[in-house]
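Presented sequentially are two complexes of chain A, the first with chain B as partner and the second with chain C.
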Partner chain A sequence: MKRKILLCLSLLAMMMTGCVDQINVEDVTLSLILGLDLDEDDHLVVYMSSPVFNKEAKVKEEKVEVKAVTIRDSRELFDMTVMALTSGSKTQLILVGKKLLKRKNWIDYIDPFFRDPKNTVTTRVVAIDGPVSDVIFFRPKDKPRLPLYLTNLVETDYRRNITVKTTIQEFRKQTMEKGMTASITEMKKDHKIMLTGTALLDEQSRYKLSIKPHENKLLRILQHKTKGDFPFTISVPLESNGRDKYWISFSTPNVKVKTKVRYDGHFIFDTDVKMRIAITERLFPFNVRKDTAKLQKSIETKLQADFERLIKKTQTATIDPFGYGIYARAYTYPEWKKVQNQWGKAFSKADLNVKVHVTIGGMGTIK
Partner chain B sequence: MFLNDGSGEGLEYFSLDHAYYKHNLMQMQKGKESMSYFLKFLRGKRSSRFHQTSNNANLQKKNMEDDVLDSDLSHNTENLQLLFSQAPDLVIRRFPIAASKTEAALVYLPGLTDKDAIQDYVLKPLMHSSFDPNKELPITIGKIEMVNTWGQIENAILGGDSVLLLNGQITGYQLDTKGWPQRQLINPQNEISLKGANQGFVETGSQNIALIRRYIPHQELILKEMTVGIRGKTKVSLLYLGDVASEDVLRELEIRIQNITVDAIINTGELIEFIEDNPYSPFPQIMLTERPDTAATQILQGRFVIIMDRSPSVLIAPTNFISFFQSVDDYGSRWLVSSFIRVMRFFAFMMALFLPATYVAFISYNFEVIPMELLLTIAESRIQVPFPPVLEAVIMEMILELMREAALRLPTPIGQTIGIVGGIIIGQAAVQVGIVSNIMIIVVAVTAIASYNIPNYDMSSSIRLLRFPMMLSAAMFGVVGIVVGWMTIVGHLVSLESLGTPYGTPLAPFRFADMKDAFLRFPLWAMKSRPKGTGAIPTIRQGRNRTKR
Partner chain C sequence: MKKYAYNEITLMQYIFLINGAQVATGVLALPRILAEKAGTDGWIAIPIGWFFSVVASIFLVKTAERYPDDTLFEILIRLFGKIVGKVAIIVYMVYFAFYAWIIFVNGSLYIKAWFLPKTPSYIILLLFSIPTFFVARNGIRVLGRYSELSFYMVIWIPLFFLIPLRDGTWLHLLPILKEGWKPVLSAVPTTVFSFLGFEVAFFLYPFLQKKQHAVLGITIANTLTMLFYVFVTIVCFVYFSPDGIIDFNQPVLYLLKLIEFRFLERFDMVILAVYLIVVSTAWMPCVYLATFCSSQLLGKQDHSQHVIILLLIIIGLVFWREPTWNESEKFQQMFVKGGLQLAFVAPPFLWIYSWIYEKLRRRVRH
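And now, the complex of A and B:
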């Protein structure tokens, strides 16, 4: 009998421990988008967009703007107005205004995303060219809820390598890594939201440079990230000094990149890009079968020039979004060790030789 | 129990019952005696006199079971009338035998016997044909036995046989004229199969044995008979392969059945409760089947089949957890197909057990794991429900169980309305009113479908029962609660035994050879030996059947 009572009591005690951290899904305000920006007086402004589930609500989204000291501080301010408890566990996007991006040490603000395990680390980091409020309070009629739309926009564009997709976890890796600088998605809102390409940050994670979708593909290739589609549309120089534009489009089902590094007074990187391409569009008459080599050659020349231009751009900005520093550290450690804290500077002095080898694997279904 | 002829002359008391009953009665009377003291105080001395006489009767009673027949027929019939004085339907037909003019009496209970057989093969030849009475009687019935004690005669008559008594003989003839009301052999009602046989077991034990014998016409198919129940006197038969089945299990089974002391057992389900290993377990430890083909395959695997007379389903023991997920159709279909279905069943088991619990845990604790688009729709339908998720889930699952039970108990034509009423009211209106969320309806429906996918009804019911504690533990502790619940179930399954053999085999203890017929159904030619888990002697089941062609 005594044992039975004891059993009942212990069972009861065990039950009591439950239910404390219970929070039902309808009692949560999911901050699907978190926006960070500076106002005119350089104070931090935090924006939030969260879905509203109630049928009685006419608008299905709550958008809040608060002036806060930190992100965690903003949560309290959000809780004061929104329907339920704010939670960052499903945050899809962090929008960072360019004004904030240019500020030193802005990265300290996103600390709670790493420290608090309740927050997700798969949030996509997006730079906004212009004020964040423009994007957050934008209410397009032909689009679903803004968080869904923007998330989908980033996800799908990333698949065609129009931009990079940097989750906050990757972002931390890129910023902490000495041999690499961060690159994040960039968006802009004029009369509608546009994904403009990729924003490149410097070693202090400040905004440095923007690149277009076309350049982003080259960036991804040099990063050795050859996943997804790489649809190029370029005009090839078939005749030297010819003024005619020969537009050709191709997809690259197979890209192989190899990088070698050596040190000879400065770092020398030899990158070998092997592509197998399939022509998807050709706006000029050409006998691909007969003159394969000529077409391949001209595509190689064009791409190589593009690569060099992009590298030049980053070198002048003293940033290394490609991660060449990782190669330098791996193969020429003694030399790397000396420059590891000023890798950007060393990188700008480095020689980068990109060799492109194109093989035409397919010319499409017509001749 | 006590029959008093009341004539006063040659006063005899017959106890026709088992010693157990005498014992019980004694105790009852002891109790009454002590109570009669109180009654005497209340009512005077009258009532005590009754007890006095009954006590005397108790002392005077004689055991008649072992008494032998008298040579005098009239005396015997008188005794019979005494014996069956409470059975007015007893027929005692007295007639002179044609050849010798000796008096004879045929005794039987008309409801339990085949009237045609009695008329044509017993009475007609005895009354009309001339024969030598010193030689064999001209009864054209297969099974005739000699009986000489009253106990035997009583059992014979109650069992549906007729007894022929001849004047001047101290032995009677027990004639096999059984012919009680019987059901046709029809399709098994509860275990539907596409490719299995269309004959199901019936209420007559001998027919059920015959149905199994048709599958295994072999001398090693051994039949052991026992009687269970003091009043019911149910014939329980054990069927097994003598050279395969484990002797330890047999001994255990026999002892357990013989140790049952009970009035009567009506149903095989009741028998299970008396012989199963762990009565507190939610899981069935002995399998019930109404399919002779299932029973035969289980015998061939080295298991025991327990056939109870008057019950249309037989028991299979020992069983293991996996065998509740096997059905006859598995062996009739192509092995790839049946492997797929087998895997689906285990998937269904998991769904039936975990889906509502997972819903509760995810909605109340870990909504992070739900993909965003789904989370939005779930939250949209959840927001109008005023109850916490666990209450919502319990309400819906209870309604489902009520609907299932209602549809089961109602006559078929009305039963269909339950589906309509349930479908419309629960499915639509409840959501619109905001008692439950849409997603809960899906969860309940999927759970129901999953639980009905488990081929064994008992196992399916256990799983449906276990769903509720799982839901509660999920509501209490979230995903951790589900894990705790599952670990408890696994621990219980591992420790469970069926007739002393491990219930968890071939998983725990792990037997690699038996895995061929567990989650997948390997081709039959690959299963060369019998399952080891039954404790059976794992003799080779087949030779090399698969040769390259």
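And now, the complex of A and C:
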């Protein structure tokens, strides 16, 4: 008897907890996209896009713009106009305008994503070249609603290494890490939304420079992140001073990267990139069977030059999006310790030697 | 004749009871505390802490071996006489009750912070205390079964820690001993405390079936705990950057937050809910032992009423005080100071004392 009463009581107690704070899906406004930007007077503007769960609504998406002091403050202002209570627990994307990106300490604004355990940390961080409002109020007819479209765009492009995918957690990691600077997806809206590549930030997480999809692949390789596809289309220098463009495309099913570091007055990094490639497109006649070595050599030369150009670019900007600092810390700790707080400066003086080794694994199904 | 024949536990139950009492909520913050003190070398301090706790455990078992049928209650009375012995037992009782209270408070704070923010703490504790009552009112055997069963039920949790490792950087661990041994040694006290809980073995020993394996069992229990701690800490160090990890109060939970499947987000919630089972295997023996001590003190056989009273006191205190995170951390520091005496100083002391005591007694007899 006693047992039965206790059992009933415990069952009741378990059921009751659900009744106290239930939330219907109609009562939640899920901010799937959060946009941050500055207006002309340098005030923070927060944008939000959320789905509407209602049959009568003609447009199934709410888009709001408010001027707020912080993100949390903006929630109150959102609540004043949107259907239901705003919740950040399902945010898919956070769009940051370039104007804000150039401001010092802008990163402080994203604090609630980490502090409030209700918020998710797998939100993707995206830089917007231009005003965020252009992107957020854009309603393409041939695409699903904006949050789904943009999320899918980032996800799939990341698979082909057209851009990086930086979740907000990853972003925090990159900004806190002294031996690395952050890199985030970059988008632009002209007459339609374009994913333009990757934005590289400096040690204070301010915008520094943008790189194209081709350079992004090289960036990923130097970061030792060789997952996904790396399809390249390059023009190889077959003749030493020829004007003709020899276009060739290949996929790289296997990339291996090794980095060594030593210190000799300045940091010296030797990176070995070993690629096995499969040719997928060739727009010039060439006997791959006979002259494999020549083609391999010319691809190596071209890629090596591209790597060097990218590295030079980042060194001039005194940023290290590759994470070479992590290697410096791991293998040359005493020297690293002295420069850890100005790693960007030390990195710009470092010597970086990239050696590319290409093996042609396959020429395709025709000769 | 064996006094506790009806309540014997197997070696496995003994191992999992000790292991269960050791692993609670502390591990969720452990990587951060270690990183604060010793950077990414912090994990080295865990095996050192393990060494100390194994030494203390062996002393403990060796002391209990002298009086194989006595629990700590009888040992203390035999060694120190009725009054001092009872005082010592009260100390242990308060210690276990305090331990239980801390784990309860911590558990409810985690639940509150991560998924039931609006539910008052005392209701969460009320829910905790129902299964606790059903388990703790029984004897050691039921507790042992519970611990063993929960161990098998949660053994898959560490597998999920492997998922974030994909994005980890093993280079974070290099160079090993970057600042020498000093910071590592400064982190040792923290790790020593994280092994607290093995002192329950004092009470378990007389119930153990195969007493010859007692030392082996307690070493295995400590080693399991150590391996789990080292594993979790290294995963956290590899995933988070050394500069970033110190910012997270509970890096372990943050790590789980990142796991995302197509069909399921916020995996940390699921894990934390399941992890409560692990936490419960820590508070249940404590509730049992605190009430076991109190009922022995009052000379009662049945301790189930004491369980109810203790749980009501805990719920009442939480209702009255509503402990905050900071207070909970203060309680832990207090507890750790007591734990150092009762778990690390007491066993060697009792061992030496009982050795002298037995020598003198024999001499008197001759």
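In this section, the second predicted complex is superposed on the first by the 348 of 367 C-alpha atoms of A that agree within 3 Å, B and C clash if a C-alpha of one lies under 4 Å from a C-alpha of the other, contacts with A are read in each partner's own complex, and residues count from 1 in each chain.
Everything that follows uses one rule, which is that contacts are C-beta pairs under 8 Å (C-beta built on N, C-alpha and C of every residue); 3 or more make two chains touch, one makes a residue touch a chain.
These numbers come from a predicted model, not from an experiment.
J.: Considering only the touch criterion stated at the top, classify A:327 as touching first (chain B), second (chain C), both, or neither.
T.: Only chain C is touched by A:327; chain B is not.
J.: Mind working out whether A:64 is in touch with chain B, chain C, both or neither, as first, second, both or neither?
T.: neither
J.: Quick check on the superposed pair: does A:168 touch chain B, chain C, both, or neither? Answer first, second, both or neither.
T.: Touch status of A:168: no partner.
J.: Looking at the overlay, does A:234 come into contact with chain B only (first), chain C only (second), both, or neither?
T.: Neither partner.
J.: On the A-aligned overlay, A:120 touches which partner chain: chain B = first, chain C = second, or both, or neither?
T.: both
J.: Counting touched residues of chain A, say whether chain B or chain C comes out ahead.
T.: Of chain B and chain C, C contacts more residues of chain A.
J.: Determine where on chain A the residues touched by chain B overlap those touched by chain C, and list them.
T.: The answer is residues 17, 21, 89-90, 120 of chain A.
J.: If you look only at chain A, which of its residues touch chain B in the complex?
T.: Residues 15, 17-19, 21-26, 28, 30, 32, 51, 53-55, 89-90, 92, 120, 145, 147-148, 151 of chain A touch chain B in their complex.
J.: Within their complex, state which residues of chain B touch chain A.
T.: That would be residues 363-365, 367-368, 370, 372-373, 375-376, 378-380, 382-385, 388-389, 475-478, 481 of chain B.
J.: Looking at the complex, which residues from chain C come into contact with chain A?
T.: 113-114, 116-119, 123, 126-127, 130, 167, 169, 171-172, 174-175, 178, 240-244, 247-248, 253-254, 257-258, 260, 265-266
J.: Any idea which chain A residues touch chain C in the complex?
T.: Per the touch definition, chain A meets chain C at residues 6, 9-10, 13-14, 17, 20-21, 89-90, 114, 117-118, 120-122, 167, 169-170, 172-174, 176-178, 180, 323, 326-327, 329-331, 333.
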